[in-house]
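Look for chain A in each of the two complexes below; its partner is chain B in the first and chain C in the second.
Let's turn to the complex of A and B:
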């Protein structure tokens, strides 16, 4: 029986459109922008249209009710439960911030195309959160990747810009191929492309605690391929090579996207494929009953955070520094994936996936905030490239310096900032995992390694802070002008503080978005 | 969110108003309207005081259960620890709230003239508004952590205000001392709170913890430890032995700040804390007797030191320490006689003391204002004709402090002495200790009357002398400064007699506080005694009258003709001992600071060694990074190779391990 002859399946396929209305709106506005681009669209107009598109999508998301009751997880290609709406709001808010940031990158003649690509990418991220089918998941991931190739190329047609766009394109295609290879294994094993069916059948076939047959090698290989493919998106070592080079050559606004959007998509997709962040109760397919996949993730997490932090120590170039810092933070977030997807939950309100979602939010705010400051400071006549270019910013540009300082404090993880709460939740989740599984006390060891890494990372962030406030300015002070980028930076910094001082409501949202999957 | 028209809602408004005042004053600082900075603060204090008085009236008119609680949501939570933003209003809080805002209003009015033309005028008003906000938060908190927020806020503001003249080294040192010394106590407070959190079923709301502990009492030792740790916090904040040393130095700040610290905010926090947790203290008679003994020792020592000080403000500062000692003496009687009598006596003294001590400090501020910031009593004298209003109000304050009959201080001190004498004859196992403390208290009362009037006579009697710093402008202070003096003087005369012996309003109000009910229940449970009632004791009243008159008389005999100091030969040694503050600072220096400095020197040597070690360790990451760096060579084909090789390694390992 082919899927098409199954009437229920066809019904669900056609009904799915009501779960993706905001994304449809985003892509629709993007198409409009592409059309307008042919007629020479001015920079403010493109920005306003894009912002209106994002707001419109937000209005639709907030007001149009989703008939969640009619959703059947084993048939529908779109899953509106679990983390879906959290990821959607994350993508929409991020899109709004990026539109503001784009002001710096759209001085060239292509502002409309720039914003259109941006909206499509945001729609892709949002779709990753709700894809319930290997095909729709892959499409959503590509909806994020393909506009990014264009975005990297559009604003800066210098040699360095072209080089970074090309590098990203080649390596991204390679990783997509690996991911697709892994998906084909999963389809072969489960006989279905439906994510729910894939996860439940893997969970049903996986070995139990009491008997100990080997996990099917194919299932393990499939997951390693998936981890490798998505590892590129979250810049996990050894799939991170592109990050420093691409960040250095790319336009600042796009790099800010590159630092955050693929991470959201990659981590959410990984978590979904490993069986969490949606409402189904099929159990975890790769739990600690067998240590293969947990150990793989463990090793990747440790190597990623250590590698990122070590290499950031030596960087003088700001964008490369933030690239390595992003790699390191990806390592911390892998702890969340590892705990959520493999360990039996220690308690009903501590699952690891809520910590991961919270950290994604916190990381987005502080990193995008930092990039926004860099975008604000760079202009046609002044490039902020190295750490020394920030010297004395505290005197010449107090507001921008303060915003950057807040973001840096948060990246270090000092109390009263979002970074502190996020790290605390992640590390606690790992530390509280029971030690009676086959992983023994490896989770606790991981926590210790992560804490040491956080301490090492303070060195290079504090170095920037020292340069900001303690050194005399090199270049004469520029008259401070308010720009959309500065607005974005201040908003991110303020949100970082709010999240750090009063995290409760956000933590509740992440808890709601990440239902605990019961152990088998 | 509670209904804002209910008393609890109104009390939340009272808490919020000073914060609004603070923000507006800060805006004045930024917005170049510095000269107007006093307006938002005075208005917010005055309206807060009006609302607080109405709340007090509403609470005392209520029947039934006199506690209302409200929660503004969860502040933060993690694991077992959940901290709601919980507030409560009961007679205790209502009295404190009304007292704090009322006194603060007049201090703010006084400050507007006193601080006129100072640099940082707006900063000053923003800080005192924040100070009052923190204090209001403290007395309305129904959660230990919210209470700590207010508690630390008070500590922070005291640091900022004592160090108001931060360019002056002595002021900066005093601010640091105030902050660090109270911090020592705060450590105890936090530890105590966590002990109570554990014993109280992992709750943090004060009423819930008390209820839980009443139902599931932990061991005696546990309660004693928890109570003594809480008391540590109170010792720091309320300046008791051994941590009182910060308070006399704290008058380096502007004089109205001293009035605020000594009368309304800050030092009363410790007394309030012990009253609020009275049901817990009742369960530990040992902790209670420690409280009494510390209070007694502090009272007599501070009174002794006050005898020979030349600095008018310093005399008053030591008298505050001594009077706080009185309050703690009373609080400690709870487990021997009855928590109601003990707590009522302490809080009554707190209330009357707030009036007359604020009055005395503002009076000394008025003197200082006229004398060109000179406060040494050797340099001026005979001011009673020059500053008549200040003189009369100061006299009233002094009489109240000395416990002269019918003034407010008399009634409240009398109740404390009465509580102590009752405790001395109670069936408590510590009754002989209470007896000793009773005699100490009588001696302290005598000393109090003497030193108060010594200061009064030296300042206002004898021939008129004005220091050169006054530049011939020595005159009575302006209306805006004398009116607060008059208002507070009226309070110092009448608050005591109206609130207690005439109407018994204060008694009736406080004895209906649920926290005292709980304390009484715990009291009958632990001691099997009936809860006693307060009654006026003519014997004690007569004794205290005698003491007050004797002290004033002795001071009049020696100092009636004003300065200079005349010390009879045989007493010179004792006088020197008192003038040098009983060498307490020197003793602390030798026993605490010196060993600490020695240890610090040793630590510094060790630090140098560790530093070298750390440099060695910090070299490791850089070395590793330098080794890894060539991997990032910029060649895209190499990157692809790296990715694929990495994938190959993972797959190989996985396949081999799962096949084996």
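Let's turn to the complex of A and C:
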């Protein structure tokens, strides 16, 4: 019997069309924008059409019912359970914020193309959350990458902008190749491209790893390649070196996107490939019964957060500083991946994956908020490049300075901000992992390293805060008008505070999005 | 003797049988014979008129001068045309399997009932997307050979 004659499979496939309707709407609006771009398109028109597209996709997403109680493993390439809904809303909200941020970058003659690429990238992120197949997962990741190349190039025709676009393009293509190489091993091991089949067959082979040496090394090679390929996306050390250069040269609105969207896609894809964040996990193929993959992730997490924080201390350029800060936060998020994918949780209360999702949300708000302030302050006649350019902003631009300050407090992880709640959840999840596995107390050591790193990071964030409020402005106050970027910045800062003061409903959502996989 | 079929994750498949691959051997034979025949024919005085000129003796008669710096600049319009060509080339590549599989005789009736209309609409959407790309390239002046 071929799989195609299976009625259940046919039903799965035909039903999966309705689960991507919002993404179809986003891409449809993007096509419309390209058509409009072929004629003449003004900046406000492109922005309004793009915003309407995002809102329309949101309405469709709210109207189309998603299956709630279906827990049998799906054979379809699209699986709307697990973290899919959460990632979709994250992508849609982020897209709306980025459309506002794009106001600064669309002074060129290509506003419609800019927003069209933005919508396609958002659809790609949303699809990563619901891809249930190696093929659809890779396509979704490329749907995010390819528009980003164009976006990096469109607004800035400067030398630095071209260098950053070229650098990102070449390294992203390389990382895709590495990722595909890893996928080929996974396919070879499992005999199927379906994520559930891949994960469960690897997990089923896991107990026999010691007996059957033919399975284990290949599975390890596959996962190391996957970690390397996705490590580029999330800018994990040692695959981080493109980030500072690309951030420095790229247009601010696109850099804000680059700081967040690939991280969401990379971490969700990594978690799915490691066997979590789906409603019907097939077990954990790389749990702490063997130390190779957990130890790899452990080392990458430690090196990523330490390198990111130490190098951020040395930066004077704001975008480079936020690039290294993003690398460091990627290290914290890797803790979530590590805990979720290797240590079966003792209770449903704390698992790494819901901490990871919450931290992604918090990180997105505070980082995009900070970049939105930078986008608001820079204009055709004014460039905010270095930390010193922010001197005295508290007096000249109180609202922008306040929004930036809230985001910075959250990035430090001070209480009453989203960053604090996120860090607390991540560190608690790592600290509570039982010590009787082969990893011994390495998770606890990791928590201590992460806490020390969070303290170190306060140095460079506080330096910006000091410049904001304690230094006298170099230039006389330049009144900047209210711009869409400022609206985005204030919204992000406000959401950061809401998330810090009242995290309960969001934590509930992340818990629902990342159901705990039963221990094997 | 044909070996028993083996069960793979994709279903029951015939086992590897070297005899089934004889067309590859025949093909290789034809390739070598053709290459040999061409070499032989080019050295037959009757078939090979010999009127050498400077251009004719170059390794690539109607191509780029093979000697000199390879860092020469090409006009970007060549790349644009090449990319556009690739897009529509790949479009055809997608259309062939669809046309062959979706409506072929002997297909799975369950499959066709479920997917026939769906895949048809999907192909139309695919073509429309490429049409938009074509209109975009056209309006942006890619086809003007300046």
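Basically, the second predicted complex is superposed on the first by the 491 of 520 C-alpha atoms of A that agree within 3 Å, B and C clash if a C-alpha of one lies under 4 Å from a C-alpha of the other, contacts with A are read in each partner's own complex, and residues count from 1 in each chain.
Just so we're on the same page, a contact is a pair of C-beta atoms (placed from the backbone, for glycine too) under 8 Å apart; a residue touches a chain by one contact, two chains touch by 3 or more.
In this text the structure is predicted, and so the values were computed from the model without any measurement.
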item	value
Contact breadth on chain A, by residue count: chain C or chain B	B
First, second, both or neither for A:310, with chain B first and chain C second	first
Partner chain(s) touched by A:238 [first = chain B, second = chain C, both, neither]	first
Which superposed partner A:192 touches (first chain B, second chain C, both, neither)	second
Which superposed partner A:48 touches (first chain B, second chain C, both, neither)	neither
Partner chain(s) touched by A:62 [first = chain B, second = chain C, both, neither]	neither
Partner chain C, residues of chain A touching it in the complex	1-5, 7, 10-11, 13-14, 17, 31, 34-35, 37-39, 190-192, 197
Chain A residues touching chain B - in the complex, by the definition given at the top	166-167, 170-171, 174-175, 178, 214-217, 220-221, 224-225, 227-228, 232, 237-239, 241-242, 244-245, 292, 296, 307, 309-311, 313-314, 424, 428, 456, 459, 502-504
Residues of chain C that touch chain A when the two form their complex	8-11, 108, 110-111, 114-115, 118, 128-129, 132-133, 135-136, 138-140
Sites on chain B touched by chain A in the complex	73-79, 618, 621-622, 624-626, 628-629, 631-632, 634, 636, 638-640, 642-647, 650-651, 653-655, 657-659
